[in-house]
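Below: one structure, written as structure tokens.
For reference, chains read A, B, C, D, E and F in written order, and residue numbers begin at 1 within each chain.
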Amino acid sequence: MLHKLLASVERISAIEPVSAHCDIPCKIYDPHHAQIAVLTMIRTLDLLLELNDKDSLTKTEEAQFVRLVAQKEEHGIKVKDEVRVIWGDYFKQPQFDAFPEIHELTHTIMLLTSKLKQGLDRDVGVELLEKVNRFAQIFWESKSVATYTADCPYPPALPVTYPDLKG
Amino acid sequence: MLHKLLASVERISAIEPVSAHCDIPCKIYDPHHAQIAVLTMIRTLDLLLELNDKDSLTKTEEAQFVRLVAQKEEHGIKVKDEVRVIWGDYFKQPQFDAFPEIHELTHTIMLLTSKLKQGLDRDVGVELLEKVNRFAQIFWESKSVATYTADCPYPPALPVTYPDLKG
Amino acid sequence: MLHKLLASVERISAIEPVSAHCDIPCKIYDPHHAQIAVLTMIRTLDLLLELNDKDSLTKTEEAQFVRLVAQKEEHGIKVKDEVRVIWGDYFKQPQFDAFPEIHELTHTIMLLTSKLKQGLDRDVGVELLEKVNRFAQIFWESKSVATYTADCPYPPALPVTYPDLKG
Amino acid sequence: MLHKLLASVERISAIEPVSAHCDIPCKIYDPHHAQIAVLTMIRTLDLLLELNDKDSLTKTEEAQFVRLVAQKEEHGIKVKDEVRVIWGDYFKQPQFDAFPEIHELTHTIMLLTSKLKQGLDRDVGVELLEKVNRFAQIFWESKSVATYTADCPYPPALPVTYPDLKG
Amino acid sequence: MLHKLLASVERISAIEPVSAHCDIPCKIYDPHHAQIAVLTMIRTLDLLLELNDKDSLTKTEEAQFVRLVAQKEEHGIKVKDEVRVIWGDYFKQPQFDAFPEIHELTHTIMLLTSKLKQGLDRDVGVELLEKVNRFAQIFWESKSVATYTADCPYPPALPVTYPDLKG
Amino acid sequence: MLHKLLASVERISAIEPVSAHCDIPCKIYDPHHAQIAVLTMIRTLDLLLELNDKDSLTKTEEAQFVRLVAQKEEHGIKVKDEVRVIWGDYFKQPQFDAFPEIHELTHTIMLLTSKLKQGLDRDVGVELLEKVNRFAQIFWESKSVATYTADCPYPPALPVTYPDLKG
């Protein structure tokens, strides 16, 4: 199945072929989940900051504030989970040799996600997105899939690293 | 296929802008989640069918059988949830007018997902993927985002409809 | 098993017999879950509105406000899930023929639930309850089970459509 | 609100009025959830016993076996949770005085649910249903709501204690 | 396996040996989960009270308030779940004979946990911890494992009953 | 609060004091959760191996097989989650300087947990326990809390690293 896959995407890995022992192992990993989760955190943050600009909030707005905080929280857990799965199940010695930054990058993502959960600082969100994009880039590069960067087609319309599958 | 799609996208630009009131509303919807979930169902099905080809299973393989069924189940729930969110929160009258098939398509996805959860028929999986791809195509078209089709860069390496963001 | 069931409840369906292929399929569906969830949303809304009437809130009341919003949120998800299950697994062509309103009714329930999650408007809650009661009525009617309406025996004491099983 | 409720259901409690401090407190309790969960356990058990009667199983049937066990498990957790909530949040000294059996009845429900989760003995399921019906009866009696017993309008079509709300 | 266990911990039970039929049954119960959950509730309460002492809150602090309430809530559910499991699966007639207080103690833990979820009264937290410590003590005593009390090595640094395994 | 804690446990850290920014931050971390989860995985494995020794299984035993696999799976997720939280939220540069093995140890725990989820090899379980014990030892050492090792007081009665709090 792996051969068929490699053939179908018509790419050859420069590094040690991934012997992909995921948890099942099902060999399906996709950093897009983590990226969408970060974007959602930033989006809820933007909506929180809109409320922050108001002098006082109605009860409906206060309820919305609670919902936004809860959403930011929930997607923070998602970021951590999705990144942990790829780091803990997919990345192995060959990838660590090729990208020695992986451990530290992954750990930084955890810390930044916590920081973004705890506060309302948009810069933290943007920095986290950059780190998760780098994480995605390493992931696709380790599979010899080219990438490109484009603004995501929904708010917050920030740059996201996508696999270039158009061929 | 691609040509036809691009043509229809040009036409779609005339459609009323989506006044996207999602649940928060955060305006972030992405059918990619649903697509990955279907691909995972098909992938676990393929692994189940590999076990099905064996004369007898060791206890380790039987345990793997259980895990695969559970994974297929879990991702079936995910397909239904993700599709329900976009259908129930994002699609509204302007989209129903532009794509009168949406209700029936969504309902068919529900039925096919149930069928795929219940059995080991790969054709059902492929049919479900086609329906979810069509669902994704409508979604992106309603947002005037062009799409293309490529094999996903991991097993089961089947055609997936992606948004064309490269610009 | 279906025959045995039909015999045991001593009723005969006027419409096409439901060939009930639920997700397992276990054939157990009950809109009561969705109805209780809506009632709980309205109840938490009433408690939120009580807090809304106060000039200022103590920290204990503010914490209660947060809890109520979270509960309303959680039961909103429940409404959507429970309705989606019956719509996506139980209702099929025979029911759509008999009750052409089902798709639109279901979709309206999704939209109203989102609206009730987002705001503090009690009328939305009452309207949602009416829609879910109608959904329940169609469900029971499709199984040839008679219904009656009574105030639920707990707050918010609003009219609920129940199956008439007393015989 | 409590007075309004009592008025609206037009009943007077013979025992100490329940000052209902549920977890929120929202005062909405309904043993119907627990009853449906037991019925679902028995229903999945019946489907498991059908598979048990076969000489050998296809892989599709084996997968179904796994799904049924998982469903029985899940609804077992639900039975325990729903009963625990009513026991731990709603029942208090006035109810213990009126129904001294409550603690032991609740504990027996826990043990029987575990037993039903662990085995394939239908008698255990029927016994559990009786206990949960008794639990429901006490609950409604404590709220001065009359009850009646009828076969549930879906498989396994066994006797269930319902509140008599028809008035 | 039970004999081996009893041998390895080198203790002999004074009461009826526990014929431990847990839910799997796996025989692994540990009240430490419940104790950590109570400690976390008290810890979040302390952080909430710190916010309570301030004259006004920034939006970041208000968001933190929401997160703390949600955490307190979540760990309240954990307390109830963990205690319910040991009460409902592990404790049986021999333990009830040896410790007639178990039912009432367990029920009191449920009520106090609800109270702690609903309010900001630290005394309730301390009282709950005492009850859960007593619950743990009974548990270990029923297994003939000695206990000692020490402040937990993290905030809120309150006395916790631990099993004495050092030998 | 941190000072009070440090005083109450009467220990002084040799390494840089942990400025503990957990996710809330609540400063409560306890590797005991991860350790119990590993023990539960090994315990379910032992029960699976007992079934493995039988020539053929009854349907009740097959259902038990499914439940055990599911339990092993669930606790595998718990191991990964609990270890990820401490690694991602609690461990920071001072701990990495003092214990340079942390990244690799954590990653090895992820891989071994996956392996234990996938197979029925008890040696993998024992090796995982050793790694998680080492992880716990580093954790407590970083907080200047002494540790000791004792067999856990329930099956599988294997050596576990505990904090020495008896004073």
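Just so it is clear, contacts are C-beta pairs under 8 Å (C-beta built on N, C-alpha and C of every residue); 3 or more make two chains touch, one makes a residue touch a chain.
Heads up on the chains, UniProt names are A, B, C, D, E, F = Superoxide dismutase, Ni.
Computed from a predicted structure; not experimentally measured.
Seen from the C-alpha centroid of chain B, the farthest chain centroid is that of E.
Two chain pairs are in question, E-F and B-D; the one with more C-beta pairs in contact is E-F. Overlaying the C-alpha trace of chain C on that of chain F calls for a turn of 180°, given as a multiple of 5. Per-chain Cα centroids separate chain B from chain F by 37 Å.
The centroid of the Cα atoms in chain D and the matching centroid in chain E are 27 Å apart. Residue positions 24, 66-67, 70, 117-118 of chain A are each in touch with at least two other chains. The touch graph of these protein chains has some other shape, matching none of line, ring, star or complete. Listing the residues of chain A that touch chain C in their complex gives 59-60, 62-64, 66-67, 70.
Remark: chain A residues 21-25, 80, 84, 87-89, 91-92, 103-104, 107, 110-111, 114-115, 117-118 touch chain F in the complex. Across the complex, chain C meets chain A through its residues 48, 51-52, 65-66, 69-70, 73, 117-120. Contact residues on chain E toward chain F in their complex (touch as defined above): 1-2, 4-5, 8-9, 24, 26-30, 32-33, 36, 39-40, 43-44, 46-47, 67-68, 71, 140, 143, 145, 148, 150-157, 162-167.
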